[in-house]
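The same chain A turns up in both complexes below, where it pairs with chain B and then with chain C.
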Partner chain A sequence: MQLRKYVSIFKLTWQQYLAYRLNLFLEVFGGIFQTLITVAVWTLLFRFGSAQVIAGFSQPEMITYVLGGGVISSFLLLHRQGDDISDDINKGGLSAWLAKPVSPNLMWLAKDMCRKYFTFFIGLFAYAVIFWFFAGRLVPPVSVFAAFLLLFFTLLAALIHFGLFYIFSIMAFWFDQTWGPRTLLRVIMELASGILLPLSLFPAGWLQFLNLLPFKFFAYVPMQLYLGNFSATEIAIEFLTAVAWLLIIFSVSVVLWRRGMKVYSASGI
Partner chain B sequence: MAKVSLMVNISSRGTFFIGVFAKMLRAILVVVFFQAIFFHVKSFAGWDFNEILLLTTIYLTFEVIVIITFHRNLAYWFPDLLLRGEFDLTLIRPISPLFFVSFRIIDWFDVTSLPPVIFLWWYVFTQGGFVFTAFDFTLFLLFLFLGVMFYFGLMIFLAGVAFWTVNPQGVGRLMERVFMAAKYPVSAFTGHVRTVLLFILPVSLFATLPAEILLHRSDPWYLIFAFVIACAVFFGSLLFWKFAIKHYSSASN
Partner chain C sequence: MKQPIIDIQNLRKTYTYYKKPPGLLGSLKSLFHREKLLTEAVKEVNFSIEQGEFVGFLGPNGAGKTTTLKMLSGILYPTSGKVNVLGFTPWDRKPEFQKQFSLVMGQKNQLWWDLPAMETFLLNQTIYEIPEKVFRASLKELSELLEIQDILTIPVRKLSLGQRMKCELAAALLHQPKVLFLDEPTIGLDVTSQQNIRTFLKKYNEQKKTTILLTSHYMDDIMELCKRVIIVNLGRIVYDGSLQELIDKHADYKLLKITFTQEMKRNDLKKYGKVSEFAPKRAVLHVAKAQYKKIAAHILEELPVDDIFIDEVSVEEVIRDIFAVTKTGTV
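And then the complex of A and B:
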């Protein structure tokens, strides 16, 4: 019964995105263009350097990594993340939601997931054509289990991604604007997610540092799992790390939300 | 206009300074990105690390110029102005509507990306091992200007489309992603990618060509092409803008 409300919000948001589908399509298409350029860069580096393996990646593995990362990117890494939450708090839209029998937090989660799935489906169709074009030059998943792990960890990543932007967005309880912290998050995410290049290309010190951050779950970890580059122990560690991050994010979110509600002045109504 | 923009930007100091840090970090991370690649390869398709650093410096310089001035104005804020029906007021002001909508909001926030760019220029000049003559530099500035003019023309075209479409913000996002290709030495690519990036969507004009001028690698024929295409796109976009304004039937009541 409770869930139906959020399914309805999901459906309504889907309808909204359908109305402005060209915008999202162009945004996803931009990401695809960037991915294709990255593929061209790696093809060039492998050909020009005549190296068979770069940082443990063969050319087909690297192309698979970049294209797979691109699909995940169309699911996760879009602009204007957290704008809704920040605007609702700053402009008083939250008050209307508080008066309704829904949780604003679950409502924002439903909207965010809707956007992620919407862009994912747009991306999936476009990438299907690209995968067809690159057929024969791509590496299939090492096992069915690896493919399952890719999907499972991508879903965990989606929750971590929402949680991080949620934390930075509800700072709107205390600040007039929150684009600064969210920009910082996006900037770090672009490199630290491993979407542009695998994190294993970084020197050991950098790799150790980047491994401490949650951003690796946004591309690097799912794609490494797909390629079968993690042992069973490493998979277990990555899973526990992801769960730990989710728990940390959830705890911080709860504390910030409760404190935020105490200072919320419903301004902007 | 610039003063008002600065005041708006620093009205929320906390977020402004974090944003400033993010912008500076972004410039640094572009260098880190290439450094990570150079840990595993000796050259980037014939470009050594210092040459890539020069390219990155030019790319970031170009980005700062367009982002501070017209990019967001035309890609995001102008369509919004149209949608809210406020563009009509611009038409009765004693100022060119195109100039007004292109430079209405000077984004001081992005001026703060300058320190790493200045540092990179200092590094390139003093540690890069390059020798630039006054002629090289003049030609470089001329083609950097032509690159900006070309991009401005593209943005005017896209802004003009907003008169017929609703909320075309996705175009701005698309352009930003396409622009990112300019951080690579695009003339090094081969096949279709090379054709696209040099002639169809000539992002080479933004950074690769100016860098090649300083590195004495530019092809004279491509310089002529760049000059012609930049002028054609810019002046063509002005004509398109006039055409779009003529067919604008007002959005407010």
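And then the complex of A and C:
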């Protein structure tokens, strides 16, 4: 069974992260803390703007949106994303995997999913504290189905996120360093994912543009689903967009990987 | 005739890479124009190896050994040439091929750094799809032979270099590969650890009839393990044959190590043979094998000798000579 190989890699990665649990905890914690600042800003806006609703969001909805988005991004959007792939290519770690009956790409995917899952797990404590603190001021998911959609789309988001960074990381086949483009990607992502403010607050032209990008799946889409702000048709469109992005990312990856393997020189060993 | 287990024909590899100018301005410029550089690491390599052979793959730094091994393992695509290992073309990376060989690099480990070696072993069990029974038997045998039973549960980063290398070997052999590529497996180890690894490899090759291709800069490794050596220099094979014959052919002289009772002049010694080392009261002469007795007798008679010692040329010296000669031509 092929799947078993990647489950084993997942398990080993899990154990490896146990050795770094404190670091990862602090990273998640830092991410959440950033979110709390955003929450504070929105609270002030509501209080001093004395508005009941901003762009269709009531105050509890907005706080739920920002906190929820913050939680998702805290385990999804890690800062060192892609470092390991880049290093494997530049420092020759990839060679050992290439000599074994296992796919390096699925290996990286398994490791990445493990990292996301592990970070989520490690963050649970911080999330619990925050949700307890905000208990009365949050809105529950509009339905069980909405909660399911949140989970399902977060999973899609995890795959899209891996794929995007994968593409930028395997640029290491051609360049010594790839953190430049990856940092740029991360900065764009911060804004275009809707972590700071719901994308629907952007002017129509911008919204249209941001809707074409895949970053909205990292916060905006899952949280809108949770709040029940999408119609059935919109949900279907979002799903198809996500699938389309996955297909695009997959096709680009396949081409880049094939070309990359031709120029891979296994340097560093 | 029986099909050799490894067969290489006209293998070539040219690395292409880009010159990296220093500084920020330089890297900005390089975005638009990059100077292309080529290194012909392997120019023409041909050889074949039969099942069960233990072959030494020698050559000075940068000769192209590691590059060749990487192509044999399917990690690199060659620039041109044909390679057949176990009936497969390595760079097709067919799982059926990958399950039958192993590559061990002294400089790079496959063990997971923060975890005990046992975890990597278990991972390899699933990756190579080793049945539980076979795995247990393999593990038991290897850990006994390598004497690593007690360190399997210690995180790898806490092991010594020698212990780590033994675990590396075990990890690479659990699936009982038919072909084993070893790239400097004893590098950096102390003499005892080197000896342990050698003893293990010797036994393993004898018992399992595993075909092994070994590179090492330690001649003791080669002497003890390999009947046949392939010497490569500047990307070309310069010798392929028995180690003993090579030594006999090149070591056609003996060493006379002489101590004198008084200071000598270098010129006084030249007529007896090539002076390879000289200090006023000590000298080493190279003399033809056929005549060394006669010459030694002459020296004893004619010079103020305190002590004279007749020695064989060391393998290191032979190899050093060959590496020096082959900068220009073949052996």
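Keep in mind that, in the parts below, the second predicted complex is superposed on the first by the 269 of 269 C-alpha atoms of A that agree within 3 Å, B and C clash if a C-alpha of one lies under 4 Å from a C-alpha of the other, contacts with A are read in each partner's own complex, and residues count from 1 in each chain.
As a working rule, a contact is a pair of C-beta atoms (placed from the backbone, for glycine too) under 8 Å apart; a residue touches a chain by one contact, two chains touch by 3 or more.
Only a predicted model underlies this, so the values are computations on that prediction, with no experimental measurement involved.
Asker: I want to verify the contact counts: of chain B and chain C, which reaches more residues of chain A?
Answerer: B
Asker: Is A:Gly92 contacted by the first partner chain B, the second partner chain C, both or neither?
Answerer: Second partner only.
Asker: Taking the superposition on A as described, I'd like to know which of chain B and chain C A:Asn211 touches: first, second, both or neither.
Answerer: In the superposition, A:Asn211 contacts neither chain B nor chain C.
Asker: Which of the two partners, first being chain B and second being chain C, lies in contact with A:Thr241: first, second, both, or neither?
Answerer: In the superposition, A:Thr241 contacts neither chain B nor chain C.
Asker: State whether A:Arg4 touches chain B only (first), chain C only (second), both chains, or neither.
Answerer: Second partner only.
Asker: For A:Lys262, is the partner it touches chain B (first), chain C (second), both, or none of the two (neither)?
Answerer: Second partner only, chain C.
Asker: After lining up the shared chain so the two structures overlap, which partner does A:Gln15 touch, if you call chain B first and chain C second: first, second, both or neither?
Answerer: second
Asker: Look at A:Gly49 in the shared chain and tell me whether it touches chain B only, chain C only, both, or neither; answer first, second, both or neither.
Answerer: The answer is first: A:Gly49 touches chain B but not chain C.
Asker: Go through the superposed model and pick first if A:Asp176 touches only chain B, second if only chain C, both, or neither.
Answerer: A:Asp176: touches chain B and chain C.
Asker: Which residues of chain A are in contact with chain B in one complex and with chain C in the other?
Answerer: 176
Asker: Contact residues on chain A for chain B in the complex?
Answerer: 20, 22-27, 29-31, 33-34, 37, 40-41, 44-45, 48-49, 51, 54-55, 79, 175-181, 183-184, 186-188, 190-191, 196-197, 201-203, 206
Asker: Could you pull out which chain B residues touch chain A in their complex?
Answerer: Result: residues 11-12, 14-23, 25-26, 29, 32-33, 36-37, 39-46, 165, 167-171, 173-178, 180-181, 184, 188-190, 193 of chain B touch chain A.
Asker: Spell out the part of chain C that touches chain A in their complex, as residue ranges.
Answerer: Listed in rising order, the residues are 15-17, 20, 66, 70, 73-77, 93, 95, 98-99, 101-103, 105, 107-110, 112, 114-115, 119-120, 122-123, 126-129.
Asker: Per the contact definition, I'd like the list of chain A residues that touch chain C in the complex.
Answerer: 4-5, 7-9, 12, 15-16, 19, 92-93, 95-96, 98-102, 176, 261-266, 268-269
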